[in-house]
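Here the structure is laid out as structure tokens; the discussion comes afterwards.
Each chain gets a letter, A, B, C and D, in the order it is written, and its residues are counted from 1.
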Amino acid sequence: MNEPRSGENSPEKETGRLESFSDGVFSIAMTLLVLELAVPALKNPPTAGGLWSALARQWPSYLAFVTSFFTVLIMWVNHHGIFRLVRRTDSILLFANGFVLLLVTAVPFPTALLAAYLRTPAASTACIVYGAIFVVIDFAYALLLHAVRRNGGHLLAPNAAPEINRRLRDCYLVGAPLYLVATLVAPWKPWLTIVICTILWVFWAVGRAEGRSAFAR
Amino acid sequence: MNEPRSGENSPEKETGRLESFSDGVFSIAMTLLVLELAVPALKNPPTAGGLWSALARQWPSYLAFVTSFFTVLIMWVNHHGIFRLVRRTDSILLFANGFVLLLVTAVPFPTALLAAYLRTPAASTACIVYGAIFVVIDFAYALLLHAVRRNGGHLLAPNAAPEINRRLRDCYLVGAPLYLVATLVAPWKPWLTIVICTILWVFWAVGRAEGRSAFAR
Amino acid sequence: MNEPRSGENSPEKETGRLESFSDGVFSIAMTLLVLELAVPALKNPPTAGGLWSALARQWPSYLAFVTSFFTVLIMWVNHHGIFRLVRRTDSILLFANGFVLLLVTAVPFPTALLAAYLRTPAASTACIVYGAIFVVIDFAYALLLHAVRRNGGHLLAPNAAPEINRRLRDCYLVGAPLYLVATLVAPWKPWLTIVICTILWVFWAVGRAEGRSAFAR
Amino acid sequence: MNEPRSGENSPEKETGRLESFSDGVFSIAMTLLVLELAVPALKNPPTAGGLWSALARQWPSYLAFVTSFFTVLIMWVNHHGIFRLVRRTDSILLFANGFVLLLVTAVPFPTALLAAYLRTPAASTACIVYGAIFVVIDFAYALLLHAVRRNGGHLLAPNAAPEINRRLRDCYLVGAPLYLVATLVAPWKPWLTIVICTILWVFWAVGRAEGRSAFAR
């Protein structure tokens, strides 16, 4: 929204609606993850012990649920951190953001795949898909950052360029390689994919905690 | 809300609640699309290769997911673009908007239909339904635009009438005919329906990108 | 929130968060209705004609979807109309509102019941349950209105009492009797329940449209 | 967000986006509970009486639905009550809040478990899981309160510390012990778990109602 128009809201409001729309998508994607936790079907008659074992056998579901939940939460925090620095929107930004949201809404699918096949010989396939979606999301964030800083940064708040550049560097030099490793180890050690993904969100959560600043990376 | 009333909020707030309610519906409809991506069931014992083939055979699901997601995203952008020009609401506008939202929430159903039957002899039926819902949604937007500009445009912001008229013309002369073609080719070439729908959202996305103005069409 | 407290937001903001929370629940309940529309399973090989017949046989699903959607939309409009007149919240109002939301989130269940059994001999049961939930919701709104106007109306905006009283009268004298009739005819003519429910939302929509005032009843 | 930064929004807005994101998660988790209410499958031909019995046999589902709905509603009110006292956010608060949200989104799972197994010999297992999640959520709230008041309370509004301390005391001395009792009785009297959980939310609702202050505990 570059020039004043008749009947136009202020640019702040435009960013505001985009952010709250994105927040809606993030929060729903996180909440839909619970649908992947299935009530186990037991042989008749069900027994207390049988239900305990069935629930225990479902541990890959719980692991996938927690890992995906916090990974999407970190993504939301990053999304927030980026839009904190944006003053205006345009169509390229809008569709770069749409691409991020597409992938975020897709996360419940590889999560369910992982939960279903982690304890089977098909685990490597599930883990490759699971790791790969985070590699792709990392590149989607890089795309979003490029969309935000292009054209001399006229969409940005004053002095925001260095932080955008730092975040872009993190995407390419930290996020992408680490998730790529998580994906590439899957054919040998599928569980290592999950371990790396879990370490990543714990590490970023702690890293942020030390910085003491909630929405800055 | 045409005359001041006791205890009334400002007209801006009325539009605001309507917009954020609509945003909620749009974002949930887009996120529910993921439920259509089913975890494939494999014969026992599942193998890594078997899971790859099963995932690959599901390609119509991924295509339908992406196409529906971005089509609804474009609709959300258009919705936004219309309400940017609206200053007041009344009941006719409210129900015209309700009709748009009804159809938007319905989109996951033809999407799932398409995903289930695209590779079968029933593909033409699924594709007709899929194309037809976008024809109907296009007319619902036309209805919304009529609701917004009627009565001398007293619901509109100053100088907004020309853009409303331009959007209405686009509904009748661009959107409706193109989606109608997408629907009518389905009995001969079902996959052409998807190709046209995909071209349409890519085209609109790029068209907007060139205009450099995020929420103007 | 009756007396100033340390660290308190303004009363407007309290109502605001309650309203936007309620909006979230309304919009999700309306969107979840689509999950009731099932992709029909066809005998192998599926044919285009077979899919058309299967889709046509599902007409009770579409009817139930549309009726429930617009009925919940009318409820949302009413909710909005009530909270437009409210200046403060307290715990009784909060839980009266919670009771309304509980019933609104439950609407997809009788809707799915109706869709599943409308063409069977069990239709009367499904229609009684469907009609009954709207009777109960009507009383929940009455409860909400009592919660809003009690204690001399200190929660209300100035001069709002007459409209609250009129809405309360409508609940008891219009909504409750009509939905009760819709429920009681079910054992004889189940389809009449749907017809009455459909007439009701169309009638209210048109009635509002004539008043030209979107959020006033 | 402790020091001014370039391009930064005001601290109020930061808390605002965190709150509305949390509201989204709460409202979706509450609305997804309805998916646990299943349309009963009847033997052919279905009869009106058969559907009544099948619906009646599902009473644990309704009970679990209502109890979970209001319990999450109380949690939302508490969440609101806490954030009313918060002026700034940081990363530790953000992840403590994320932990609360993770558990809130998980509530539909033990609810579905309870509904499925309450009338079977496996009821004790389901009730232990159901009670246990509320014990864990209570501790998550305690964690959130610790996150909020640490470092001399620089995140808090002026004079908010005493109320935070009172809420923390309630978590440890009221919420945790009562939900622990509800969990521990399950092996002997599974239904007593539900009774205690139901009494708890009714009691807190009434307790709040007497205080006449909606969002203060």
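What we mean here is this: a contact is a pair of C-beta atoms (placed from the backbone, for glycine too) under 8 Å apart; a residue touches a chain by one contact, two chains touch by 3 or more.
Predicted model only: the values in this text are computed from it and were never measured.
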| item | value |
| --- | --- |
| Maximum centroid distance from chain B, chain identifier (CA atoms) | D |
| Cα superposition angle of chain A on its copy chain D, in degrees to the nearest 5 | 90 |
| Homomeric contact chain A-chain B: same or different residue positions, threshold half | different |
| Centroid distance [mean C-alpha coordinates] between chain B and chain A, Å | 24 |
| Euclidean distance of C-alpha centroids - chain A vs chain C, Å | 35 |
| Residues within chain A bordering two or more other chains | 20, 24, 28, 32, 35 |
| Pairwise chain contacts, counting only pairs that touch as defined | A-B, A-D, B-C, C-D |
| List of chain A residues in touch with chain D within their complex | 19-20, 23-24, 26-28, 30-35, 37, 39, 42, 45-52, 55, 65-66, 69-70, 73, 76-77, 80, 84-85, 87, 156-160, 163, 205, 208-216 |
| Chain C residues within the chain D interface of the complex | 1-2, 5-9, 14, 17-18, 20-21, 24-25, 28-29, 32, 35, 89-95, 98, 101-102, 105-106, 108-109, 112-113, 116-117, 120-126, 129, 187 |
